[in-house]
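In the two assemblies presented below, chain A is common to both, partnered first by chain B and then by chain C.
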Partner chain A sequence: MKNYFRKVYTIFILSVVLSPIFAKSQTIGGGQIHGNFQMDAQYYLKDSLIGAPNVPEKLLMNGFANIIYSNGNFNAGIRFESYQNAMLGFDPRYKGNGIPYRFASYTNDGLQVTVGNFYDQFGSGMVFRTYEERSLGYDNAMDGIHVKYKPYKGIELKGLIGNQRFFFDKGVGIVRGFDGNFFINDIFGLDAMKTKYTIGGSFVSKYQPSSDPVYNLPENVGAYAGRLNITRSGFGIMGEYAYKINDPNASNNMIYKHGEGLFVSTSYSQKGLGVILSAKRIDNMDFRSDRNEVGNVLIINYLPALTKQHAYTLTAMYPYGTQPNGEIGYEGSIMYNIKKDSWLGGSYGTKVSVNYSLANSIDKQKLNDTIAIGTDGTLGYKSDFFKMGDKKYFEDFNIEINRKFSKSIKAILTYAYITYNKDIIEGHPGAPTIFANIVVLDISYKFNTTNTLRMELHSLMAKQDEHDWAMCLLEYTIAPKWFFSVADLYNYDNPDTKRRFHYYNAAFGFTKGTNRFALSYGKQRQGITCVGGVCRQVPASNGISLTITSSF
Partner chain B sequence: MKKIGLMLLISMLVMAVYSQDTEKKLAQIPSVDLKTIEGNTFNSSQIENNGKPIIISFWATWCKPCCKELNTIADVYADWQQETGVKLIAVSIDDSRSSDKVKPLANGNSWDFEILLDPNQDFKRAMNVNLVPHMFILNGKKEIVWQHTSFSDGGELEIIDIVRKIIKGEDIK
Partner chain C sequence: MKNIIKISKLLLLTLVIAFSFFACSKIDEPYKKQQSVIIDTTGVLTGNTITDTIDKRVVLLEDYTGHTCVNCPKAHVKAHELLQKYGNQLVVLAVHQGTFAAPASSGDYTYDFRVLPTVDEWNAVWSITGYPAGLINRTKYNGSFVNAYGSWDGKIASIVTTSPEAIINVKNYYNTTTSNYTTRVNTKFNIALTGNYKLCVCIMEDSIIKPQKNSDPSIGSTPDIIDYVHMHVLRSVVNSTWGTTIGNASIKIGDTFNNSYTLTLKSDWKKDNLSIVAFVYDASDYHVLQAALAPLNNK
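Moving on to the complex of A and B:
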């Protein structure tokens, strides 16, 4: 096996070295090397009170660098990754150094060939999506061959085969996929027509041998999807339906039911107004290249949550995560720009956005009187497609008002009412559902053209979980290079009076061009934080952390 | 495994040394398929502004500083265009969770920018963008002359300064 890989690598390297020479249409000169780098390191302080685990190494570091060589239609690159050891919140199976990502690709006459690692997505991703989210430690990159061909105007065909990344190794399953995208107006020369149609279809299959002593498992599991997209000036509608054959796996408790997914979204917009309505239903759609795996590994498809992704610490405290084994949900948003110089709009105009989302369980009925719902080795359950289940997983009503009062004062007021089923979303059986009222006021005051002070005041009120929270953040920026911030997040009404902690934090950062340094000290809860002009996911901890990012 | 990685790295560096022209060239934008807001394919090499400067801004609907940056520029964009002919292309890295919100959000905010979608972040990867917001400024020959990550109030002044320098043919560095 090792020899085989060595051969493959040798061929790969030769192809990387030789291809610019053989590709006569390209000049050998003019190639470029470019890349990026990021390093996060944290020195952990002991804090058993807030639940920060003991870190024997004291200091943990994640880092990576991409180096890409481009020359005309040819590209090749590698990513070096280093985890010494992986920071808290990241899977400890990321360990040591390695080059888990390397690729070479060229494009010639509408044909693009990629060998090595690649990322791609079919349609909305319900049957296939490989992607990376470095800040979350998520990477399900394929390793194999990817071909994309545009044989005719308006037609795009893609084919791929490979194994998926599993930390510094690869998954056992082989994933094969085919996708076609057809732009009807282009194909039939209807460019002048106002209404634009796009249709598409995908087929994905995974192969994994089985020697299970109990079950007769399908070694090949196929999934397909069809989609349609229609737009006419400000109006748009898109829908995708996906189907997966029976695929007993660790996530669905080895049931033989097929899987289904439906996503429909319609929107209308014109200058100053945007409206969007979406609905989706997911049933038994956990799709992986290894049926025995759970967690965020070897996932073939992408089932995004149909809820607003909040960016403030307290509105993002209870975020929803899709339930691949069954959920039905809706989302609606309205964005409106009240004109300036009107009574409501003020002299600079006011932006209002209202958003509502709901995620519920799907209908699940027993197959017959003797088999309990979801019993392994059976078809699991029956489900009425359009019927809502009886459990609410998540609900979010929020409104955001964004207004500029004068040349120096701007404010954003956000209100959200969030219902969060902790039992289901976090898998804590018996945990109460949380009903949270959240208000965030974000005011910034501009002293002069480059100096700005921004203040965030948050309040979260709930009668469950850790009850009430308050937060205050002050951030001072000197554009475009410096930022300083201090924040305190206070769990002032925790029912356990000994757990009424302050999570304080102080940070500063320096950016010049694409080099960015940020140093922070304090305690942090898990969630998205947006400070100093960028957003990233942060795990719970107490300590001093340093982030360096750079690109060239 | 490690040896192979190292060999690969060395071969790439050697290749780069051989391929460098005597005079250092500025980076061009790589050719990557993106999507227009109508869902059509749009290759990044088709990005065009008739020899005038171009601003490419990577953003996402869920990124507050990104929306702040684009809203700030939207207020002065008409003036910028009139003065310099600059064009801003806002590349959204929203994935299918939120990519259908891009158009209503852009219209709801009355943005006049050209919007492109990069739902699986292929362009973001090819342009070596770590974090959003990340902005590139291209000169009339579509060469990258300046880039910057993050945004804070007042950052727009540096952007228009760079654009003015390009118009006047001054050195950026």
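Moving on to the complex of A and C:
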């Protein structure tokens, strides 16, 4: 086996060195090499009015390239990353060049072995999920060994061990994990049964040495989870419960309370109709391989987001960030297709989706009269599992109507009412809770098979924060190569009349084959951006941006 | 039936492997260690000089903070607790920096605590993006200078009992003829060293009463404490952002360096609340060898 690895590894290295990388897929020893590349650069202009920070370098750039070699059951790859220096809003500890991700894996008789870096997820991710989200600068990749084995039909076992990525270095903690997935119908030969059952369980432990002179710290912190998934025709229900033992860390102010997470989701679908109802409760579930870290680094788990990921600029202005130290959340969505050739559905049918989500604090009570809630070196607090706390963090009711009027015209109308507790979500106590009414109209007109004009009209009305906003975007696409757009985001009702800024933007892009170039000039407002409940700050900026993407 | 037995064995084996591999460390009370570090708090700062030079390790804690940072009072309380615990073996410097320290154009938060451009030049090296955050002796832990306040105690405790590479004596003089203050800093190295070592001398002010944002009701009113007492505030760096080179190339045991500075004090600083903070650091990696503090005036 060692010789096999050495042989394919040599082939891989030679292929990387000798082949012209940014060309079409190459055939090497019967295998293939492929990859992708992206570079984002921005030239920053001074703009102290909107609060843009001074950038001494003037130009900042984030870039990466993935290069993967595949040959039958064997895969290997690297990712080169470059930050010269990291663009505004990304952690400046991303600095310089390096290869933080490299791996080799093979599959043989039901056993898959991966050495080097890898991503994986156990269940819903509450005890283990590693992934990369470039728009957040988030990457908690593992570096170690990952095995996956299917010893019997319907049984899937996974084990892993390693350290996590910490910028161009590795975290101090060692993460060990085990996960089992059992497809009951397959195991017991009940393939004909309409109802399908899957059960699963995970156990994850991190080891971090401690010589802390103040606290008696657990060097091994374990977390486990159990889950059940039942499906029948269009109906499905899944639930997972996770538990973490005492894990005093910088995020929970060194309290020794255990952590818990419960996630339940049920769905129903039939032709033209989809319904999803979900609920979760999270308590003290910040789980990292370094107890001293805060922010988006060295996080072992992922706490599922139960809020809609809005795509339009103004509906996404107040996004929700998951609160790992405690939250209760609910979400319900209904998607319905109104039949075509009906009075409501029109000639082409109409899609309607309604979504509601709520995130609230959990109940927290003092341990006794003398210890304040969250005091370090104690159990922190008591909490009634099913009781809601007294703070609403976030609420979103939205409805989206998507209709095609003719072969040339289609439109999407979106309305959202968002309650946003800026105090909690952005950590600005004293900031008022924002109640925003948002309407977005997105209309496309197709002149012919290649030329399309799209317009977005947005309005956000709020009596708090920066009050009312409006936005207009025009985008002209000449498929498949060109696009041009202009947009203006205007804070026309800011209570500080001197801060009624226009955030304008003009962009164009060119695509040829798998290469794409986009150039834009404009201003960016200060705010936060969230993906799946994980957020980062976005500082104000003014400048020229260039993006190049390519794949082969 | 054979299948069921086989699967049951497999499941059992799986569970045994999983749980035997990954032990858990469940901690029972007491969660905090008792008398884990014995600190000598008898060294006395009297008058305008340190009468007895502290020959023990004196740790520098730089608390990066801001008046509109709602979580920063928690870090201030932690720094205060640590000063009570470590006595004169800890020097705290509150560095107001970043967006939370920026003055507002109107309202309660118009005062500018920042020492510019020094604090921004410092943070260009530390890369603090979230506040509050602290530097312990400007030393990297796990590749980063930045430490959450929950971890300050442990990191200070891990170094405070070690022997210092240098000792520092600070004396402040008032010249009645010129009405100027002068600070004299005497640095004596305890070990032989090679490299570039710098002395940084700062002016610090206690008890500045200005508003502070706050999120913790146990500390004070929320969201604003209008009459907040700001302690350990960095007022200026006397000898430029990165200080003065005092030892270059080769330093022998016992080498002593004397540096004097005439101080420029601003009119709104209260002299009785001012202190001089001096520290010596390795210019190659910024880590602080020793720190010292001396009040400006007799009290």
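Basically, the second predicted complex is superposed on the first by the 509 of 552 C-alpha atoms of A that agree within 3 Å, B and C clash if a C-alpha of one lies under 4 Å from a C-alpha of the other, contacts with A are read in each partner's own complex, and residues count from 1 in each chain.
The working rule: a contact is a pair of C-beta atoms (placed from the backbone, for glycine too) under 8 Å apart; a residue touches a chain by one contact, two chains touch by 3 or more.
Keep in mind it's a predicted model, so treat the numbers as computed, not measured.
**Q** Is A:Val172 in contact with chain B, with chain C, with both, or with neither (first, second, both, neither)?
**A** The second partner, chain C, only.
**Q** Which of the two partners, first being chain B and second being chain C, lies in contact with A:Asn216: first, second, both, or neither?
**A** Only chain C is touched by A:Asn216; chain B is not.
**Q** Just checking: does A:Thr378 make contact with chain B only, chain C only, both, or neither of them? Give me first, second, both or neither.
**A** second
**Q** Examine A:Leu157 and indicate which partner it touches, taking first as chain B and second as chain C; both and neither are also allowed.
**A** After superposing on A, A:Leu157 lies in contact with chain C but is clear of chain B.
**Q** Quick one: is A:Gly226 in contact with chain B, with chain C, with both, or with neither? Answer first, second, both or neither.
**A** Neither chain B nor chain C is touched by A:Gly226.
**Q** Identify which of chain B and chain C touches the larger number of residues of chain A.
**A** The partner making contact with more of chain A's residues is B.
**Q** Can A:Gly346 be said to touch chain B (first), chain C (second), both, or neither?
**A** So A:Gly346 meets neither chain B nor chain C here.
**Q** Name, in rising order, each residue of chain A that touches chain B in their complex.
**A** Counting only chain A, the residues touching chain B are 6, 9, 12-13, 16-17, 20, 28-36, 38, 66-71, 73, 75-76, 78, 80, 97-99, 102, 107, 119-121, 124-125, 129, 131-132, 156, 181, 183, 186, 196, 198, 229, 231, 234, 236, 238, 265, 267-276, 278, 302, 304-306, 308-312, 333-337, 348, 351, 353, 402, 444, 446, 449-452, 477-480, 483, 509, 511, 513-514, 516, 530, 532-536, 549-552.
**Q** What does chain C use to touch chain A in their complex?
**A** So the residues of chain C in touch with chain A come to 3-4, 6-7, 10-11, 14, 17-19, 21-27, 30-33, 36-37, 70-71, 99, 124, 127, 129-130, 141-144, 147-151, 153-154, 157-158, 213-215, 218, 222-224.
**Q** What residues on chain B touch chain A, complex-wise?
**A** Those residues of chain B that touch chain A are 1-2, 4-5, 7-9, 11-16, 18-21, 25, 27-28, 30-31, 38-41, 61-65, 71, 75, 95-98, 100-101, 103-110, 119-122, 125-126, 128-134, 146-155, 157-158.
**Q** Sort out for me which residues of chain A touch chain C in the complex.
**A** It is residues 51, 56, 91-93, 151-152, 155, 157, 166-167, 169, 171-172, 176-178, 180, 182, 187-188, 203-205, 211-222, 245-246, 248-250, 253-254, 256, 290, 292-295, 372, 376-378, 423, 427-431, 537 of chain A that touch chain C.
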